[in-house]
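Provided herewith is a single structure, encoded as C-alpha cells, for subsequent inquiry.
For reference, chains read A, B and C in written order, and residue numbers begin at 1 within each chain.
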Amino acid sequence: MKRAFVLVVVLLASVTLTATLAFSQKTIELKHFNWRPEDLEKWGKIYDEFMQENPDIKLIDDPIPAANYFNNLEINLEGKQADPICSIWQNRVWNNNMFKRGYFVDLTALLPEFKKVPPHHQYNFMTNDGKAFAAPVSAQYTGMLYNKKIFKKYDLTPPVTWDEFIALCKKLKGAGVTPLMFQVKDAWHIHYAFDLMMKPFLGGPAFISQLMSGKYDFTNPKFVDALKRLKSLEPYFPKNYTGLGYSDAQNMVATEQVAIWPGCGSWEVYTIKNINPDVELGVFPTPVAKKGDRAYVTVFTDQGLTIAQSASEEQKQAALRFLKWMTTPRAGALVNKYIGFFNCWDTNVFEDEALKDYAALAGKNGELIISDWAILLSDGSPTATELIQAGISALMAGTKTAEQVAQDIKTGLSVWYGKK
Amino acid sequence: MRRRNGTFVVLFLLPALFIYSTFFVFPIILGFRVTFYKSVFGFLDQYVGWQNFTLLFGAETFRNQFFNAIKNNFIFLGISLIGTNILGLTFAFLFSTRKLRGAGAFRNILFSPQIIPIITVGYISSLIFNPSLGTYDKIAGFLHFPDLFVNVLGKPNTALYTISIIEILRLLGFPLTIYYVAINDIPTDIIAASRIDGANDFRILLHIVLAMISPILITTNVLMFIGSFIYFDLIYIMQGYLGGPAFSTDVLGVFFYRTTFGGHHGGGDPGIGAVISMCMLLILAIVAIVGMLMQRTLRRRLSL
Amino acid sequence: MRRTRADTIVIYILTVAIILIVVYPLFISLNVSLKDNRDIITKPMALASKLKFDNYKNAIMKGNLLTSYKNSFIITGCTLVSVIALSSMASYIFARSHFSFRLKNVLFFYVILGMMIPVAVLLIPLFKMLNFMGLYNTRIGVIMVYTAKSIPFATFILTDFMRSIQADFFEAAEMDGAKELAKFIRIAVPLVMPAIATAAIFTFRDVWNDFFMPLIFLRDPRIQTLPVGLSRFMGQFENQWGILYAGLNLVIFPLLLMYYLLSKQFIKGLTSGALKA
C-alpha cells in the first residue's frame, strides 16, 4: 500500500513539474557589458521598455568602471566568456582588430537597419569593405561648456575669435572668477580639451588625413604653437589645477566655481545637473583664429552594441532582436530621454538647454570630424593618447617646453608610426 | 625506516608543491614566454625574438621611462625603508627597554593601515591632499607653508616624496611589531649590564641591540624591499596609470602595468611588459639572495 | 628605572603625534561620509553638521556590499585553511634536519622564490589556464590561485620558526613510540602557533584586499569580492563623495574591529611563542 502511495506521489510530482516547465515561458537572460556604471539605472529604463514588448527576454546591465573596461573585454572575448552583448567605443582601429579576430558576430546581413543610420555614424563600427559589426547607439559632442548665470552677471557674450576668448577670460579673472576649468590628474580627458581648442589652429580634415598617412611631423611649428597656446591659458586655470582630477572638474563646474569648461563632453550634462540642478549651462563653438574661419566640431560615435560570437545560438537570436529594436529612431528618442546622450540618427530632441546648444553646434557648421586625432593613432605602443597626455602633463608642470614635448611625441611614436 | 620516511616526506611536500607549481610557477613561465613575441592582447601573436628587449633598452621613449622608473623606485624605497627602520627601531627599542605602557595599543593602531584595502588608503589620501576638497592644503595655507608644500601631489618635485611619506606611515606597523618582539627577546641582563657600565640608550641601541637582532633586521628589510619594489596599487589609484605628474611617480610597477595593459583606451605591448617584469624579478632575486646569505652568516655568528 | 621624567614625556608626545597622524585619515573619511555633497565641495574644513546618514543607506542598498562580504569571507577563509595546512606540512619537512634528501634545499629555494614575483605577470597566462580547466569565473579557481600565491611566504615563516624547535622534543616523542604524523600534530603544530598566526594575518591581508585577480577571474557579480564590488560602486558614485566614503567606511571599520578583537590573541601568541623558542 505504502509503495503504491509513494509511486502516485512521484508520478503526480513529475507531471506537475513537466507541466510547469512546458507552460512557463522560458526567459532568455542577456547581460550587457559596458563601461558606464553611472548609467545603470538609466539603461534599466530603456530595457524596461524593450522587455514590455519582449517579455521572454531579460536584459541585465553589467557595467564595470571605464579604466579597466577594454582590458577586461579583450580577455573575456578571447576566453569566450564575454557577455552576449558588449559595448564598444569609437576606437575604430581597435574595433576592426577585434572583429578580425572573430570576436563579434557579422551583422552586415543580419542587421539591415544599420544601413539606415546616417553614414558618418556607421564609420566607427564597420570595416573598410563595408562589413558592419556593431549597432550604433549613441554619439557625443565635446564643446566649450559655460555657465550662463556668470556670463549674465558680468555682461558677457560667447566669444567667436580666440582674441575675444582671451579678453573674456581676462575680464572674468579680474572680477575674481576662475575663467577656465582644466585638470591634469585624470589624464584621459586632457586630449579632449587640447583637441577641441586647437582644432582651428592645427587644421581640420587636412590635418587628420596627414596624420593617417603616417607622414605627420609633430615637431612642425603649427603643432608646437598649439602646445604653447594651451600653456598660455594657464593663468586662467584654477589655482593648483595640476592636483585636480576629473571629479573635481565635474563638481567645480556644478557648484559654479568656474565659468567655462573647454572640452566638456555632452555625456557630462546630466551628471552635472545631478550634482546641482540649478546650474544654467550653455555651449559655444570653439573660438577660431580670425573672424569667418570655420569652427570645427568634435563629434564621435560613442557607443555601439556588439553580439559576442561566444554566446549561445539562442542568446544570439535574442540579442539580435534587441539590437534591431535599438537601431531605430524610436530607440534613439529613448536614448535622448533617459540617458541624455545624442543618438545616431541626428534626430535629437532635448529639453535641456546645454544639450540643445551642443546639437546646435553641428547645425551651424554641418562639418563633422571624427574626433580626437590621438585616438586614431593608437595602433601601436606607445599610443598617441599616452604621449600627448604625458606630454601636456609635463608641459603644464613646467618640466618640459613645448618644443621638447613635441619632440617626445615624435620620438615616442617613431617606434611604430609610419612604418607599415 | 628510511623508506617509511620517504613516503611521509612525499605526502607532506606534494600538495603544497603541486598547487604552487600548477597555479603559480607554470603560469609565470608561460608569462615569460611572451617576452619573445609581439603580442596584442597578451596572447602570442608573432614571434619576434629579441625585439622586445631591444625596444625596451633601445627605443628612447621606453628606455627613458624605464630608467626613470628605476630611479623613482629607489627614491621611494630609500625613503620608506630608512624612515620605517629609524622610526620602527627607535620606538620598538624605547617601548621595550623602558617597559613603557601602551605598547600593545600603539602597535595595534600603527598596524591598522596594513589591514584595510589599499584602495581605501589611496582614496582617503587623495582626498586629504586634494587642492580644492582636502584639508591639507587648507591647513598649509593657514600655517603659511612655503609654496613648495602646497598641492604636493600635483607637482613633479614633491609628489613622489609625499607618497613615500604616506607609505612610511602605512608600513611602519610592520617592522615596529617585529622589532618589538625581537628586542624583547634580548636577555635583559645584557642590557642591564651595559647600563651599569654607563652606556646611554643611544649607544646601547647602536652597538648591542642592532647587533643582536641583525638577522631579523635583514629578513624584515628584505621583505619590505620586495613589497616596496613591486609597489603599484597606491600610486595607480592616486596618480593614475601615467605615474604623474610628468612621470615623477612612475615606478616600475606602474610602468609595467601601463606597458602591458595600456591606458584608458587600449594600447599596450605585453611583450615589452614581460621583459620589464623579468628585469624586476632579476633585481629582486639578487637582493633576496644577498639578504639570505647575510642573514645566515649573522645567525651563525650569533648562535648561542 | 632612572629614566628622566622629561625624556619619557617627550617619547609619549611623539607617540601620540604619530598615532594622531595615522588616525586622522580615518576621521576625515568618517567626516566626509556624513556630509552633504555640496558641503563637501564648498566647505572642506567643516565638521559634518547635518549628519547625513542617507549616504550610508545609499551605500548599503546600492553597493551590493553584503554579497561582496560573503564572497570575501568564503574565498579568504578557504584560502587560509589550505595555505596553513599545506605550508605547515611542507615546512615540517623543510625545517627538520631529520629529513634530508638531495633536493631539499633546492626545493626550499624554489618555493621561496615565489615571494618575489609581481603578480601582474601571472594574470593573462593564468586566465588561459583557468579557462582551459573550466575554473574561470569560479570561486574554487580563485582559491587555488590564492593558495598557490600565498604558499611561499607562509612556508618561509613557518620553516624559520619550526627550525627553532629543539630536536629533543621530537626525540622524546619518538622514544615514546610516536609516529611521524603524531609528532607533527602533537608537537610541531602547537609549538608554531605564533608563526601560524603571523602567516594567517599576512595571507588574510593579501587575499582579502586583492583587487586585480577577482576583477579578471570573477565575472559574475554574485561571486565577486569586496574590493571589486567597491570599485564598481565607486564607478557609479565617482563624484558623490559622501556615498563613496560611506561605502569605504563600511569596509574599513568592520575590518578594523575584527582586527582589534583578534589581535590580542595574535600578539599574545607571538610574544609567548617567541619567549618559548
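Note that in this section a residue touches a chain if its C-beta (ideal position, glycine included) is under 8 Å from a C-beta of that chain, and two chains touch if they have at least 3 such contacts.
Worth saying up front: this structure is predicted, and the values here are computed from it rather than measured.
Student: Based on the touch definition given at the start, go ahead and assign the chain network to line, ring, star, complete or other.
Tutor: Contact map by chain: complete.
Student: Taking contacts as defined above, which has more of them, B-C or A-C?
Tutor: B-C
Student: Starting from the mean Cα coordinates of subunit A and subunit B, work out the distance between those two points in Å.
Tutor: Each chain reduced to its C-alpha mean, subunit A and subunit B end up 38 Å apart.
Student: Subunit B to subunit C: how many Å between their CA centres?
Tutor: Measuring from centre to centre gives 16 Å for this pair.
Student: Mind checking the centre-to-centre distance between subunit A and subunit C? Centres are C-alpha means, answer in whole Å.
Tutor: 39
Student: Hey, what residues on subunit A touch two or more of the other chains?
Tutor: Within subunit A, residues 66, 75, 251-252 contact more than one other chain.
Student: Show the residues in subunit C shared as contacts by 2 or more other chains, in ascending order.
Tutor: Expected reply: 41, 124, 128, 231, 234, 241.
Student: Spell out, as numbers or ranges, the residues of subunit B touching 2 or more other chains.
Tutor: In subunit B, the residues touching two or more other chains are 41-43, 132-133.
Student: Write out the stretch or stretches of subunit C touching subunit B in their complex.
Tutor: Listed in rising order, the residues are 3, 8, 11-12, 15, 18-19, 21-26, 28-29, 32, 40-41, 44-45, 82, 85-87, 89-90, 92-93, 99, 101, 107, 110-118, 120-122, 124-126, 128-129, 144-145, 147-149, 151-152, 155, 160, 180-181, 184, 205, 208-209, 211, 226-227, 230-231, 234, 241, 244-245, 248, 251-252, 255-256, 259-260, 263-264, 267, 270-271, 274-275.
Student: Under the definition above, what is the set of subunit A residues touching subunit B in their complex?
Tutor: Residues in contact with subunit B: 66-67, 70-71, 74-75, 78, 89, 91, 94, 97, 184-188, 238-245, 248, 251-252, 257, 375, 378, 380-383, 385-387, 389-390, 393-394, 396-397, 399-400, 408, 411-412, 414-415.
Student: Mind pulling up the subunit B residues that touch subunit C in the complex?
Tutor: Residue list for subunit B touching subunit C: 4-5, 8-9, 12-13, 15-17, 19-20, 22-28, 30-32, 34, 41-43, 87, 91, 94, 98, 100, 102, 104, 106-121, 123-125, 127-128, 132-135, 138, 169, 172, 177, 181-182, 184-185, 219, 223, 226, 230, 232-233, 253, 256-257, 260, 270, 274, 277, 280-281, 284-285, 288.
Student: Which of the residues in subunit B come into contact with subunit A in the complex?
Tutor: 40-43, 55, 59-62, 126, 129-133, 137, 150-156, 239-242, 244-248, 258-259, 261-269, 272
Student: Within their complex, state which residues of subunit A touch subunit C.
Tutor: Going through subunit A, the ones touching subunit C are 37-38, 40, 62-66, 68, 72, 75-76, 79-81, 247, 250-252, 255, 271, 275-276.
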